[in-house]
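Okay, got some structures for you below.
Same chain, two partners: chain A is paired with chain B first, then with chain C.
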Partner chain A sequence: MAAMLLEVQQVGLNFGGVQALTDVSFSVSQGELFSIIGPNGAGKTTLFDCISGRYTPKGSIKFNGVELVGQKSHLRPKLGIMRTFQNIALFPNETVEDNVLVGSDYRLRSGLLRSCLYWSPLGCSRQEGSHRAQAREIMAELGVEQFANVPASELAYGTQKRVELARALVAQPALLLLDEPMAGMTSGEKMEIAALVQKLNQERGITVVMIEHDMGVVMEISHRVLVLDFGQRIALGPPLEVIEDPQVRRAYLGEAV
Partner chain B sequence: MDYFLGLIINGIVVGSIYSMVALGLVLIYKATEVVNFAQGELLMIGAYICLEIIQVTGMPFLVSFLMTMGFMVILALAIERLVLRRMMGAPALAVIMVTIGIGIVLRAVVLGVWGATSIPFPEVFPRQGIDLGVVTVSQLYLWSFILSLAFMAMFGAFFKFTRVGLVMRATASSRKAAESMGVPLTKIFAIAWIISAVVSGVGGVLTGNIAGLSPELSFYGVKVFPAVILGGLDSIVGATISGVIIGVLENLGGGYLKDLTGLHGLGPVAPFFILVAILWVRPTGLFGRKNIEKL
Partner chain C sequence: MLADRFDRIGAVALIACLAVVSQFMGDYHLALLTQITVFALSAMGLNMLLGNTGMISIAHAAFMGVGAFSSAYLIQNLGLPALPAILLAGLITSVVGMVFGLPSLRLKGVYLAMASFAAQIILYWAFEQSRWLTGGQDGRFAQRPVMLGISFMDSHRFYLLALAFAVLGAVANLNIERSRLGRAFNAVRDRSQAAEMMGVNVFRTKIASFGLATFYAGVAGALFGQYLEFVAIQAFSLSVSIQFLALVIIGGLGSLAGSVLGAAFIVLVPEILDTIILMFSHNTGEMAPIRLGVFGLIVVVFLLFEPQGLARAWNRTRQWALNHTGKGSQTRS
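Our next item is the complex of A and B:
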């Protein structure tokens, strides 16, 4: 068994009287492609928000052995965690290239004053140059290079999703949190993204945790699947096992299945 | 005709200072979603500090001016660190109230230290006119105009071309996304406050040169509002253009409305008439986005 990269233990969160997550525990091992499924409102995105630091839950979330709960959200990229959002959170007025460049900016902390002096059109610093080269490379890999100078808001939905993925990748994360990367896509686009996610996982060794509704894709590419319902873990295991679980069938797939 | 041209020029000069201060206001709004009601007080304190440095140290204006900017940086950092950082996550309205409080404190400091009487600024730029062909302009006005433009151009270039500028733009359009990209929000907020305080301080020094110092300089904060609202609360370009528009309207109003109506003091009110009229047609201002506060 490979080392555990992400260990979530007894995580709970409530908003006022609503129990959004109750004692959720699971671990994701290094190099795994891990999916989280569950009906709407099951707490999937809330769980992501706990891992990425928007919420501070009860319990413990360890990444590479480092406790994340209580740490500031903007420190996640430095540790190697990047995420995408359910409803795309690109910077709409900025070009694709600039969007991606922000993704490589977590180094800002170490040299904020220095980076004030980097005049990008002159490309006068080596670091700036290497950021740009890296950004171009990733954009090419995700097939969005031709849109480098186009404002993000002018792109088609599927393309925006790719740009968001490129932005997350440029920081070279060890763990990628993808919140419904295929939502709203055509089946052709879904296949492409699924292949891409699989490639990132296999070739770059990026550990992926993905929330996704498309069961076909989830079954096809995931190593293991976590099922949430009403903020609780109801199943965890390889896709084929999970889908046979009677509780899962009842909660998620409906009585009819 | 000369009278008219004079009013226009006067308006453009005063307007360029409005533009610069408006830029500070818009910047804080864009970065932190808070309207800074202490903007006028920052302007006022900048003017008084510059005067104090000149009088106490006897240093040349340029040095005092640079030291004033340094002071504004420290003041902004102190405000951000000691007051606003504690308000992180608080509702925008609560933070706005806090900025009103900061304004009151700054005004009290000025009243306590320098008193309420008007103090003339030592002459830095001669008021003597320069003949520009069409019209003669006071050197003081010309320099104020040039300095305002230079500062606006400088910060414009900063936002457009530097990495920090990019990160600030990104933060303004989606805080959530910027934070998940590793952008330290508190640092970005601090930079926004610093730039805003510096441009206000510069505006204060220029205005002080033109009109002398009094606690009423803080009223500039209110004067800058029509410019910001007219331009659209979130538009830097809008604020810049509208600042000049408001300056010109104010001067034309002051110049002509008195003769027309026999009433004094209509000048500063004139822009507000236009403001209301424009907001009827375009509630988000001339250049504003659709989904911002409609005022």
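Our next item is the complex of A and C:
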């Protein structure tokens, strides 16, 4: 097996007496397409929030050997981690292009002075232009280029999900965290996104960790699946193994055993 | 794009027009125009803070005061030439602004409003105490500058100087809006937590926004003092700070046109009301409370019918003009 890209060890998180995560451990290898499933409230998004720095959990989360716990959130993209959000977290008043370009923020280091002097030789116009071109390319790839100048809040739900994905990709991540990328989509759209995620994983070598409720898609495209229930890991393995696990059937699929 | 070109040509025409027409204006009208120009410059800063970054400040006038007093001090007491003194006054104000912006890391909305209210109180108190800087309740004199060998003692000349600063401020404002920092401002305003996870250093962005807003306030304050040739602490009171808030809200949040239109509104409407009142009564003093009341009423009615400000109304007019001059050509913007 390839080297481990993400190592989550004994991660626990407590919200005022509610144990949101309890001793969760798993690791994701370079190039893997890894899914996390579990009933609502199982702690899946909370786990993402720990990885991306919104919460500071107990335990250790290592990325490429670097400890993430305790590091500022805004350093994640620089390290190579980008994510999307379950309840879409675009900047609603801004255009699609400006939304996507926020993903470039950590690579654009122009400060006040270079912004003010935009067109002058000292200004940031050239750098801005090249990032704008990159953003356009990714937007075209995701089929949202025609909305470049439309405020994000005016777009359909599925389109907003794509814009979020574009914003994550423009940062050229090594690890992509997708929180329910296909929620609320038609089955046709789901197939498209599933194919896209697979393509990103295979052709660009982006390691993907995906939270998804659509079991068909999860079974189809994931290499391995982690199952959470009540903040605990109850199974981990290849999709076909996991689905046969009695504990998973009981907890997740609601079957009596 | 047609709309872009329309704006650019319009802006250049407006600036040229102001530069020429101002030279033939009488003292009264020139005074109003100068005040609008300096207020617009100051408002650009507050608008980037409130409109673009979503952080409120009820201390904008106090920051103008910092600029006004420090430039007067640098020029008269330390003998600095006017241009570096004005810029340095802007920087000093900016540093003070960033310090008072630190609570924004933790506070939002009403709480941040209270923190900036405290900043206004503290600064105003400091003005009263620092007689060596401000002259206390008596105020202090300020000189109209001589810059690059040109004297701006004359009011007509001074207007051109104020206009030049306002134009530079406006260009910087637009350039910031279309680059990384401008996007970071907006991202912090819309969803600061998501912005942080997308790589925006929210803390630095907020402080930069405070530094920028107060730099504008400092430079505008310096010019304001020099224009009046006298700086009094009463000119930077809480009510003036609130007036600036009203200015950017009426003008249009996050819009450069809004900063300019709002400044015109806040300066001209009371004057127009005065003129109207004079038609009915010869005692303006007696009618002053009515004037204030009517002004407040206009603001409320305006916000009810055009909550996105004058800039929005201007945009509609612009679109109408474009559709009628473009001879059916498509305009999207």
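What we mean here is this: the second predicted complex is superposed on the first by the 238 of 257 C-alpha atoms of A that agree within 3 Å, B and C clash if a C-alpha of one lies under 4 Å from a C-alpha of the other, contacts with A are read in each partner's own complex, and residues count from 1 in each chain.
Convention: a contact is a pair of C-beta atoms (placed from the backbone, for glycine too) under 8 Å apart; a residue touches a chain by one contact, two chains touch by 3 or more.
Remember, it's a predicted structure, so these values are computed and weren't measured experimentally.
Colleague: Just to be sure I read the superposition right, which of the two partners does A:167 touch: chain B = first, chain C = second, or both, or neither?
Modeller: In the superposition, A:167 contacts both chain B and chain C.
Colleague: Determine, under the contact definition given at the top, whether A:93 touches first (chain B), second (chain C), both, or neither.
Modeller: Both partners, chain B and chain C.
Colleague: Where on chain A do the contacts with chain B and the contacts with chain C coincide?
Modeller: On chain A, the overlap between the chain B and chain C contacts is residues 52, 54, 72-74, 76-78, 82-83, 85, 89-94, 98, 101-103, 105-106, 108, 112, 115-119, 128, 167, 171.
Colleague: Provide the residue numbers of chain B that touch chain A in the complex, in ascending order.
Modeller: That would be residues 158, 161-164, 166-167, 169-170, 173-174, 176-185, 187 of chain B.
Colleague: Please name which positions on chain A make contact with chain B in the complex.
Modeller: 52, 54, 72-78, 82-83, 85, 89-94, 98-99, 101-103, 105-106, 108-109, 112, 115-121, 128, 167, 171
Colleague: If we count contacts the way the header does, which residues on chain A are in touch with chain C in the complex?
Modeller: Per the stated touch rule, the residues are 52-54, 72-74, 76-78, 82-83, 85, 89-94, 98, 101-106, 108, 110-112, 114-119, 123-124, 128, 149, 167, 171.
Colleague: Enumerate the contact residues on chain C facing chain A in the complex.
Modeller: Of all residues in chain C, those touching chain A are 171-172, 175-176, 178-184, 186-187, 189-191, 193-202, 208, 211-212, 332.
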